[in-house]
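Following: one structure in structure tokens, then a few remarks.
When the chains are written out, they are named A, B, C and D in that same order, and each has its own residue count from 1.
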Amino acid sequence: MSNNLQDKERLDRQIIALRVAKEFQDGDIVNLGIGIPMLASNFIPEGREVIFHAENGVLGFGEVTLPGEGDLDLVNAGGQTVKPQPGMCFFGHDESFVIVRGGFLDISVMGAYQVSEKGDLANYMVPERQVGTIGGAMDLAFGAKKLIIAMNHTTREGEPRIVKKCSYELTAPECVDLIVTDVAVIEVTDKGLVLKELAPGWTPDEVQSITEPTLIVDPDCHDIELM
Amino acid sequence: MSNNLQDKERLDRQIIALRVAKEFQDGDIVNLGIGIPMLASNFIPEGREVIFHAENGVLGFGEVTLPGEGDLDLVNAGGQTVKPQPGMCFFGHDESFVIVRGGFLDISVMGAYQVSEKGDLANYMVPERQVGTIGGAMDLAFGAKKLIIAMNHTTREGEPRIVKKCSYELTAPECVDLIVTDVAVIEVTDKGLVLKELAPGWTPDEVQSITEPTLIVDPDCHDIELM
Amino acid sequence: MPINKIVNSFDEAVADIEDGAVIMVGGFGTVVSIPSLLLEAIYRKGVRNLTTISNSTGFGSDVWKLQGAPFPEDMDILVRNERIKKSIVSAPVSALYVNNFEKLLRAGKVEIEMVPQGTLAERIRAAKAGLGGVYVPTGVGTVVEEGKEKKTIDGREYLLELPIKADFAMIHAHKGDRWGNLVYRGTSRTFNPTMAGAARITIAEVDQIVELGELDPECIVTPGVYVDRVVARPKVTDAHEEITDAQALESRKRTDQEIRATIERAEERGLRHE
Amino acid sequence: MPINKIVNSFDEAVADIEDGAVIMVGGFGTVVSIPSLLLEAIYRKGVRNLTTISNSTGFGSDVWKLQGAPFPEDMDILVRNERIKKSIVSAPVSALYVNNFEKLLRAGKVEIEMVPQGTLAERIRAAKAGLGGVYVPTGVGTVVEEGKEKKTIDGREYLLELPIKADFAMIHAHKGDRWGNLVYRGTSRTFNPTMAGAARITIAEVDQIVELGELDPECIVTPGVYVDRVVARPKVTDAHEEITDAQALESRKRTDQEIRATIERAEERGLRHE
């Protein structure tokens, strides 16, 4: 990869989250993973009502509270205190994963180490340490109707994270629907990976050069849309 | 069978229920089937605290209300309104049968058409109509720690209900622990059926004469004890 | 747009239920636990050849009218009007009398799959929970095991029981809100929360619709995520008949006398009681 | 005799837990959902070679002390003191730092069976529900399927997952009564109600013991039938630190600024936002 791409400006975490949030439709039940995904809760499109699920047993909670405020018995799956909201309800872990595995989540958003061209996901085994934490990720990957991955397009070393075949342990095969990175929005389709949107200043060729599988450039490929 | 046995005085339903209730130990979780078993709730031994379960989703309800009184949303499995009681709680059918199948019931009491010498139970298929209702009986027979059958010793026609092998469809094999009839109390053991108690005026030979399998007469066999 | 699962009429709530649909119907024995007005509405709609999943086949509205029930229909409205092709059921007939379902059964007009009550609940939950099946001990060594895979696990035999999924689940709850959150009343939960979410579309008939936030989040039994439509029963003035004091006293006296008489009879017969 | 499941001390509550016991421990990430004092008590008792079943392996009391938690112990008390022979767990290590469990793992001092979180919950429920096993889709095509029976049901592949049963389940609840009925608080239910009843003996650590009848029968989450012992935490005065208005305002301003800044940055970069 050319060094100039390494230095080229990419979207930051907040803007990735902002783009992810545009996927939330009215009435969607959404689970947000730790990290960039959780930031998306700040950017629900105006006028849409979205219900958040957290695997620790809550549906319909509100925004994250100020640090140190909030009730410790009202937290999201990342342990952040959140605000109560009308319509919210609580349940235990078995029920929480009936909701996940039973297909009641419209959208699950999580991070990834690698995504393959078939939509295989690898995000639980910490590569350099050869240990991992499956946690709720595997159930979410198998259960959610739509799985969105929010991640940086390449590793710190500049290696592609979107690969032909995952070299890390799989979280789930053929589960990813949409990949939102710091340089592009890519849809996983039966025909392959379709490049739909680009970070400002990026060209399809540049994105391709840091992506292992061949991308299908959507005829309508355009700058990332945030509205 | 001799006619004089047919005419010999037997225990009535209420007294059978009274005898059954003597089995309830302090703290037992008990499910009572429709009919004679439900009558047992009137005769909990003095000073013992027993918690009743009904498969429609309640634990810890109180006594049956007066007819026409009571709350229609607080009924036992037979549809009789019962009184609320401190400690009571409600749940749905899945949870109710987790309790049954999971082995949380100390005692289940139900009626029967036939019980075999191995403790096989037949109580769901209405013999003369060749139709039946499994209902909750099968789960209760498989799940309860102790299964007590309360029934008349013979059919209306005087045929034994305690048989070598059930001729009716089984509810569950080898599940019965104790049989309380209108003439005897019989324990199902690995060695066979043990005659433990007799209705007043009845002899072991008389009970044997209306029982198909051979009874082992307990050395301590005595009149039915109600205390 | 705010999420709003509330629909305005029972006919609207069942408008997309077609001939041949697979429907779950919540409740247990007594009519108060049953989605009576949804049952009436699909009867009115005239759909036929239904496959129904329910605990029982109903006692019929006549029984419940005698009790003064304001909404007296149960499964029998579909049974007696011959709308059912197949019934997956735990308690199809009565030991005490020949019910309408038994008549259809004898006439060869309905198919039946009888399922132990706990297995029925577990199979319905399995559908909701996205499971492929569950190994259940209930029924081993009985007619229930016919045609089922049997497996010994940890020294005990189990039957493979498959999920039961429906096109529509019709349930009854006490209160509901616009997100579909539900609470029930007393022993009337029964199969209702179990079935919520086990069908493509879950329709809840509620006594009362409340504002979002009125239901205590600690006490919501069915999370709204399982529910697609909520429809309210018309309000009824409390039709519950007041029992007069004289009647109550008389009845209580009878019960007490019976208990005392039993103990006396036992003692007369030489049975000690304390 | 009235039923009374209340025991008077944490040491008494765990007195019969022996070396080599299989124990379930409720809770999730944050310490408020965890039976901290029961964990302390079994640590004090000195038992070793435990098999533990839990969601995670703990962050350690230092983290929670910083947050001002009055009862700061989590699973780490058993991990760092090397009391665990085998851990059946969903979230054993952290992506952010090397925790004590990972150190033991690297040193070969602990065995691990890692289970997807939903499968862990379902396997625990299966034990409680008397099931022989459940077919779960999660994990097909991953390392989770190793050594497991795979079955295609209705066109989808599932893994046979077996029940996880324990000798003791240690859980945390908000309030309990002498029958063992329990209610929880907010998001602190987690694995606690799931594990209640899945062991030979279930021990509930509660914030408060209440009189029988004080808990609303419509809102009891764990029926007492699943619980064998109830033990109360000592009362604490509300240690929750009051945030000053100035701090709150400052923090709120920061968050708002960040959101606005994000949108501005997006627009500067030519990304329309509305």
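Brief remarks on what is shown
Everything that follows uses one rule, which is that contacts are C-beta pairs under 8 Å (C-beta built on N, C-alpha and C of every residue); 3 or more make two chains touch, one makes a residue touch a chain.
Bear in mind the structure is a predicted one, so any value in this text is a computation, not a measurement.
In terms of C-beta pairs in contact, A-D outnumbers the other of A-D and A-C. Of all the chains, the one whose CA centre sits at the greatest distance from that of subunit D is B.
Distance between chain centres (mean CA atoms), subunit B to subunit C: 25 Å. Averaging C-alpha coordinates per chain places the centre of subunit A 41 Å away from that of subunit C. The geometric centre of subunit C is 34 Å away from that of subunit D, both derived from CA atoms. Along subunit C, residues 122, 125, 129-131, 136-137, 184-186, 217-218 each make contact with two or more other chains. Within subunit B, contacts with two or more other chains are made by residues 90-91, 97, 101, 143. Judged by the touch criterion defined above, the protein chains form a pattern that is neither an open path, a ring nor a star, and not fully connected either.
Contacts between chains, counted with the stated touch criterion, involve the pairs A-C, A-D, B-C, B-D, C-D. Every residue of subunit D that touches subunit A in the complex is listed here, in rising order: 28-30, 32-33, 55, 90-95, 98, 102, 105, 114-122, 124-125, 136-144, 184-194, 221, 240-241, 243, 247-248, 251-252, 255, 258-259, 261-263, 265-266, 269-274.
Taken in their complex, subunit B has these residues touching subunit C: 9, 11-12, 14-15, 17-18, 42-43, 46, 54-58, 66-69, 71-79, 90-94, 96-97, 100-101, 126, 129, 131-139, 142-143, 169-173, 199-201, 223-227. Within the complex, the subunit D residues that touch subunit C are 122, 126, 129-137, 151, 153-154, 156, 158, 162, 183-186, 216-219.
Touching subunit A in their complex are the following residues of subunit C: 1-3, 125, 128-131, 177-179, 181, 197, 211-213, 215, 217-218, 220, 223-226. Subunit A contributes residues 26-27, 29, 47-49, 51, 53, 59-60, 84, 86-91, 95, 97-99, 101-104, 143 to its touches with subunit C in the complex.
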